[in-house]
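These are the structures, in structure tokens.
Note that chain A is present in both complexes that follow, paired respectively with chain B and with chain C.
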Partner chain A sequence: MIPAILTGIRLHMKQASRNPFDLSGVIVWPILYATIASYLLDARHEPRLLLSASLGASVMLMWSLVVIASSGALEQQRWQGTLELVVAAPTPLTAVIAPICVAGALVGTYAIGATLAWGALLFDVPVKIDQPLAFAVGVPACALAVGMLGLILAATFVLYRAAFHLGIATQYPVWIVTGLLVPISLLPSFVRPISWLLAPTWGFRAIQEAALGRTPWPDIGMCFVLSAVYLVIGGSCLVAFEYVARSRGSLRLT
Partner chain B sequence: MNTVRVVFVGGLTSYRALFNWISPWIFIPHTLGYPIFEILFFAYLGRFAGVQSDRFFLVGNAFLAIAVTGMFGMGHATAGERRSQTLATLLASPANRFAVFLGRALPSIVTGCFVAATSFAVCAAILGVHVPASAFGGLALATVAAAFACTALGLCIGALGLRGRNVSVFADVITACMLVVSGANVPLHRLPGWVQTISSGIPLTHGIEAARAIANGSSIAGSADLLAKEAAVGAVYLVIGLIMLRLFEYEGRRTASLETF
Partner chain C sequence: MAVIEVEGLTRSYRSRTGTFRRRIAVVEALRGVSFSVEPGELFGLLGPNGAGKTTMIKVLTTLLLPTSGSARVLDYDVRRQARHIRGRIGYVFGGDRGLYDRLSALDNLRYFADLYRVPPRKRVARIESLLEMVELKGRERERVETYSRGMKQRLHIARGLLHDPEILFLDEPTIGLDPLGARELRQTISGLHDAGKTIVLTTHYMYEADALCQRIAVIANGSFVATGTPSDLKAVVGDHTIIEIETFGIPDQLIERLRTIPGVRSIGVETRDLAQVLLVQSAVGADVVRSLLNELVDVQTGKVVTREPTLEDAYVELVKSA
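Take a look at the complex of A and B:
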């Protein structure tokens, strides 16, 4: 199963990196969010805040790509008529879908470089990573955790052909609740416990703390813990939903 | 008369097909949920930054909902036909092209205006923004002007769909740029001069400005020049879009590339 997952991640990352036009979207979206944040937050005259906003914009895109990658890949296979073959293959469906989600998140890491370079060039954002090692570990940990959260979402895509739209609708709520650009302390108090359950909260904190030289390791640890929990929940949901879709005969419905 | 029939019957059919494909229980939370949370996201970002009022972000992002539906509705009309491999058949028909594609986009535009109005009302209640009832007429007028201009730009994007296969991604990128350039989320005076020049030539900028002025108490007459500018921008894109549609259809037929996917 592990070789299947690793091969899948490599394959989907290569596939997602092939089309320069699609990649332009990966670069443009976070840059624009970082630009908006920079123009607005510039008023506070805190350069480190702008660095944090650039990282937040990158994690925002990471989540978007996970949603799009997991649902888009399944939808594509439905259109091509290959989803039943994938489901019927002896490889567990989790090992097929998890790499799609994680690869989506890893493609989102391109955005980190793009937003940091954009911020440095246009807004004089000081790109100084205080703990490079923690940052180097934090970025893939963040991608893994966000990708695994996508696995839970992907489970519903097996069942519902239009679940993509629900997935897209989760973008802004997740961005708000996880405090990627707006501090959670500014939001109503009921939001805080919800944020603890979502990977982007910890993933963003991990890379933010590493960049700003604070204490990233507990957050990185939380990323790995959440990844394992999501894998168990997502895997179980996939098995259950796959059974339901098979029994209803609804896998191929486009 | 036949053109009008193509617009409305085609639009009604495509709308019915949409709801045959997607359950309203998924469609409604998606179409309403996205703009509502978008408005809240930027309003909270504005509060955090201490820049502008909630009303500023409320108006700007409610209008973006119109842009999204106008541009995607029109832009995706050709891409959807290509994807379902019906584009060549559709273009073989003698029907007016603009009427065919406008018919497909019209329901999206109407939905967009409804979504913008609903999300505006919901978020105004959540954020505690009060807009006087006397402003509703002017806001509706600004909505129509912005919807027209965005649909016209969508026509240009849709025409590109006759030649390229990634117009949805392109429309996505254009929408993303409008978050900044239209002044929906960043006050125009904070943007560089060259961006402000671009802003004045794209849909939405003048519509948003007019809507903000009206929501702040200005009369329709006081914002008439802005509304006229928005309509004029839309008219220019409409002409460009119609030319592109004709040109790219001709090229697509000549190079037999209509069904390339």
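Take a look at the complex of A and C:
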């Protein structure tokens, strides 16, 4: 199963890199998100807050890329007729779908760097990381956790043909609930337990704490715990949804 | 022992219509089908569009669950033991879908080799030999989106054979191919059968089924209407003679009148360019040509040919009587 996962990650990244439309988005979006961080949040006069806002914007972009990768890739698999073929293979569907989400999250890792770089270049965002080691561990931990959350979302795409739109619609609530746009402390108290269940909350906190020199390791640990939980939930959903899709006959688009 | 055993298999689809007053429509795609396939056999499923051929293949390849009845592949139940079946069968469908177009043929084969758990040490040699077999050697690093339809179809075959499956399911593999490409693919299929592979082939091309299959099941409206060797099926119309009459602008009422002529068993109509060709099946020895031409005296006619029945005639007879 491991070779299938590794080859899957490599090939899905390769496939995405060969679509000029996707590629241009990956280049342009970090500029837009860096702009959001510095203007919309109006944090230009507080350098540390500006860095924090930029990190939030970069995790927003990471989540968007995972959503687009997982939902878009599965919709594309339906269109090109490969979804049935990967389901018909003996490798569990989780090992086929998870690499798509991880590939999206890996592009999201690049997006963190690109957002910070554009922020520094265009808006003088001070990119000073106080704990480089924790930051270096925190970014992939965040990517893994966000990617695995995408796996749960992707499970629904196996079942529903129009799930792409559902996936895109989840972008904005997740940005708000996980504190990427505004601090969680400003949200109603009933939202907080929801934010604790979502990976971007902990992923953002992990890299933010590492960048600002606080205590990132508990948050990094939560990223790994949530990744494992999401993998179990996503894997179980995929098994169940594959059975339902076989029953309904909804694996093929046309 | 049979490698495929199907007993009383049914499969229905539910679809919803309407926005406010929603109705559920149930379509019976398979209605109590039973058959078996022996090891090394090339078994054909022949039928018109929508007859249930692809549904049958999808149930056997574990992509669809049966609604009722049972289906066993290599002694495993398709409903509960799908994982055991999947690694031991190959599935190839026709058309140019089913490949990662922006990747090369080599990348496609490498990925599916991993999905089918081909051991890494065997993978390179296996891919090399399959590329040779399907004559794509030298083109394997090009993107699939640049391939012709025939090349894509040959790549599909290579993909389906990566893990050396015991049974190969081919769902209309020559559809959309040019005559030369289709002939090459039939040679490949024939070679695989000669090498001992069990093959289940669906097609609606009679000559393809006739040339390749040892046994054929004719399927219509979700039911098997006949099963046997091509010769067995031809025998269904063995006591018939086929008369082909080229006509131009024949009215429907006249065709109905022709059907009532004593000795005429059935009449089919094929449109060929401007002509409507009547395919009249009559009993051997019944002299119906004179009667037919007498009725057609007011219609412009062309060639009149009398010939032996083919598998296609048998198929038309079977499907019509279903």
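Assume the second predicted complex is superposed on the first by the 241 of 254 C-alpha atoms of A that agree within 3 Å, B and C clash if a C-alpha of one lies under 4 Å from a C-alpha of the other, contacts with A are read in each partner's own complex, and residues count from 1 in each chain.
Rule of thumb we're sticking to: a residue touches a chain if its C-beta (ideal position, glycine included) is under 8 Å from a C-beta of that chain, and two chains touch if they have at least 3 such contacts.
Worth saying up front: this structure is predicted, and the values here are computed from it rather than measured.
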Contacts of A:I176 with chain B and chain C, given as first, second, both or neither: first
Of chain C and chain B, partner touching more chain A residues: B
Which of chain B and chain C A:P20 touches, first, second, both or neither: neither
Partner chain in contact with A:P188 - chain B first, chain C second, else both or neither: neither
Which of chain B and chain C A:T35 touches, first, second, both or neither: first
Contacts on chain A seen with chain B and repeated with chain C across the two complexes: 19
Touch list for chain A against partner chain C, complex: 3-4, 7-8, 11, 14-15, 18-19, 80-82, 84-91, 96, 243, 246-249, 251
In the complex with chain B, residue positions of chain A that touch it: 19, 21-22, 24-25, 28-29, 32-33, 35-37, 39-44, 79, 160, 162-163, 165-166, 168-169, 171-173, 175-176, 181-183, 186-187
Residues of chain B that touch chain A when the two form their complex: 21-23, 26-27, 29-30, 33-34, 37-38, 40-42, 44-51, 83, 166, 169-170, 172-173, 176-177, 179-180, 185-186, 190-191
Partner chain A, residues of chain C touching it in the complex: 13-14, 58, 61-65, 83, 86-87, 91, 93, 95, 97-103, 107, 110-112, 114-117, 120, 143, 159
